[in-house]
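Scrolling down, you'll hit the structures one after another.
One chain, chain A, appears in both complexes that follow, with chain B as partner in the first and chain C in the second.
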Partner chain A sequence: MSAQAGFAAALLDAARPCPDGLVAWNGSDPARRFAVYRNNVVVSLVDALAEAFPVVHALVGGEFFRAMAQVFVTTQPPRSRLLAFYGEGFADFVAAFRPAAELPWLADVARLEMLRVRACHAADAEPLPQAAIGALLADPARLPGASFGLHPALGVLRSAHAVVDLWAAHQVDAPDLSGLDPARPQAGLVMCECDAVTVTEIPVPAAAFIECLQAGASLGEALDACSADGGFDPAAALGALLRAQAIVSIREGDKDHE
Partner chain B sequence: MSTAIHSATYDAGATALPQRAGLGLKPAHVRQILDTRPAVGFFEVHAENYMVPGGPFHEHLGRIRADYPLSVHGVGLSIGGEEPLDEAHLDRLAALLERYAPQAFSEHLAWSGHGGAFFNDLLPLPYTPATLARACAHVDRVQERLRRPMLLENPATYVEFTESTLAETEFIAEVVRRTGCGLLLDVNNAYVSCVNHGREPRAYLQALPLAAVGEIHLAGFARQQDDAGDALLIDSHGSPVDRAVWALYEFVLGRLGPTPTLIERDNDIPPFEVLLGEAGEAGRLLAAVRSEVTA
Partner chain C sequence: MNRNTTRQATAAALALALGAALSMSAVPAAAADADKERCYGVSMKGKNDCAAGPGTTCAGTSKVDYQGNAWKYVAKGSCEQMKSPTSPTGQGQLEAFQEKKS
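Let's turn to the complex of A and B:
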């Protein structure tokens, strides 16, 4: 093992002894000094997660969050030098983290917060003018074969829990969760508009429809896929996309409109 | 003052920052800065925070850059690493520098990743002929890829290595000599390392290649103790600049003359006015040394 490989392994595993070859000017135990590096690494990465997942942090409290995040940090250290997206694997980790099992909505709240991070840093794109979209929607012959290019910042999440309500309740200083039923299925739409990342509740079937479009389905294919759901309202789904200014292009056959 | 020893060989190439006080750009302060356009000499950002496709970070930095000089400070290149530089990361860095055309680019004499893991910390390296050759090769590659000279920052460290055969100052001087890079002199790091390793700060500073300094960093530290009960200072960037560091800064300015100076704060970020006050203090010391130079 190379010197840095040994140093690196001991950074993340507190059960390992201090690496060989370290020394202090006054002959003191270098382990105490090496512990500064261990602490810096864990604290800075836990801090990065706390910043990305403020509502998860609020839901479980700081002490629980830091203990949970420390397990994530030491078992799944970043693989990228870009820390902005370090939280990508955190929701799956939370879902499997047994001490958090009594909060079954926690992982989906983390998923919603990660969508917010992605929305904030997504590529910029100009929304298509409403008139161009209106003309397409008014033409039943064009509609089924057309597909939408959606904004890179757009994200949707379908959950068996009231993730949007839980998130919204924590946007004030003193969250009031009374009257909130976490077991209510809910879907959210995330966008970045004018510097601010927004989270809006949309009907659950509308979220399924948008997921189809994001996967590249034409409008006709997406409508077919979702129409079996009795609660699906195509107008509500398209209205959500229009209000979010999330449509950036229309593709018909091999023609692109932007 | 006659001891100002800036040489045109280094600083003209490695930095075009104004000889004024600058501040790190914090997302929490961006709105206020854009609204009030405070008199700040330059702003500095961490390169990696802006390696994202789009959104408000870029929108804000573009507007800041239109009105202020900019320093881009990397924290993820791992110049002191055993492994080859990450060429994809260098590509991202080159694109960022092309987009914002900053007046300076700097990185650390440290490593921050190994075996595919990234630790988000600046880790120490032994000072030997072999690690010197590797660090020089990495600086050469960075300057070749970015097609500009870089500033290399002296580290804050908590341990030393039994295998080291070179003093830190010798090591840094030799990297500067061999690669032609400039020096980002972090006076807080110098003080922290000197206390942590029983060195005399002024002797340490004077042994550095001061003619190559293109920028100065000032920051705050936290105080702990080592296993023998001696002071162990932590480069925390979470408190105001310490009195001892201000004194060393004056000593350095006396040697260098006016030099671009950044107040660094990354944790426990105070209101913008507090940082502006610290930049004002640095600005007063810069003005004092400037009047001595011209007197």
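Let's turn to the complex of A and C:
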């Protein structure tokens, strides 16, 4: 193990001894200085997670959150120097974290919060004017083969739990969770509008439709994929995209002109 | 149903849906913002809408309460009536300002 790798490993594992060869500038004990640094590294990363996942933090309380986050930090330290995106793997970690198993919605709340982080830092894009989208109606035969380029900030989450309600309830100082049924399946649309990140509830089948479009499917393909779903309303799904101003381009492939 | 008929049905369903969606959401984009103004120096730490200085790019990034270069959307006309302890005028401002030392 290189000196650098040894130093890094000892930073994240308190059971390891202080790396050899360290000298303190003022002659104090390097092991004590290293312990302070080790603590600061972990605490600052736990703080970063607490800021990125405020609702997860609120749902489990500070003590539980910090203990859980510390395990994440020491097992999955940052891979990038961009701390803003630290926590990409946090939702999966939470899903597998046994002590949190009693809160089955916790991982999806973390997923929603990560979508918000991504939306916040996503590139800007100019939404298409509605008239340009409306122009597609002039020749409906072109519609099935057309696909939408969607806004980079747009995020979609489908959950077996009421993640949007849980998130929304925690946007005030004294959350009121009475009347909230966490077992209600819910889907959310995340978008950056006017520099603020918004979260809107959308019908679950609409979320599936939008996920298809995000993956590059044409309107016709996305409709086929979703029409098996009972209760799918394509107008609601398209309306959600329009209201979020999430459609930034229209592509028309050649495959529809057969 | 042959392939062509299926395709026509899909096209018709999409046209119907898109038409309905467009008519439902035909709100001019600017309308939502028309009655708002950017107000500097009134947001709490981390609650700004945007612009919290170098190295930060978006909402929720202000580091202190009443940060002078962080703004919040507020109802038009209300900004300069809001208290801001860091502001030289004592109220929120429509432009970013240097916080006074308390």
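Annotations
As a convention for this text, the second predicted complex is superposed on the first by the 243 of 258 C-alpha atoms of A that agree within 3 Å, B and C clash if a C-alpha of one lies under 4 Å from a C-alpha of the other, contacts with A are read in each partner's own complex, and residues count from 1 in each chain.
We take it that a residue touches a chain if its C-beta (ideal position, glycine included) is under 8 Å from a C-beta of that chain, and two chains touch if they have at least 3 such contacts.
Since the model is a prediction, treat every value here as computed from it, not as a measurement.
Upon superposition of the two complexes on chain A, a steric clash is found between chain B and chain C.
Contact with chain B, but none with chain C, is seen for A:Leu83 once the two complexes are overlaid on the shared chain. Using the contact criterion defined above for the overlaid structures, shared-chain residue A:Leu22 touches chain B, although it does not reach chain C.
Contacts of A:Gln171 after superposition on the shared chain: neither chain B nor chain C is touched. Shared-chain residue A:Cys120: touches chain B and chain C both. Of the two partner chains placed by the overlay, chain B and chain C both lie in contact with A:Cys192.
When the shared chain is aligned, chain B comes close enough to touch A:Ala8, but chain C does not.
Using the contact criterion defined above for the overlaid structures, shared-chain residue A:Pro152 touches chain B, although it does not reach chain C. Of the two partner chains placed by the overlay, neither chain B nor chain C lies in contact with A:Thr75. Touching of chain A by both chain B and chain C, each in its own complex, is seen for residues 120-121, 192, 195.
Interface residues of chain C facing chain A in the complex, by the touch rule stated above, are 7-8, 10-22, 24-27, 29, 32-33, 46, 49-51, 57-60, 73. Residue ranges on chain B touching chain A, taken from their complex, read 48-49, 51-60, 76, 81-83, 86, 89, 111-121, 123, 125-126, 158-163, 196-199, 224, 226-228, 230, 232, 234.
Chain A meets chain C in the complex at residues 51, 120-121, 127, 130, 133-134, 136-137, 140-144, 192, 194-197, 219-220, 223-224, 233-239, 241-243, 245. Taken together, the chain A residues at the contact with chain B in this complex read 2-5, 7-8, 11-12, 21-34, 36-37, 40-41, 44-45, 48, 77-84, 119-124, 152-153, 192, 195.
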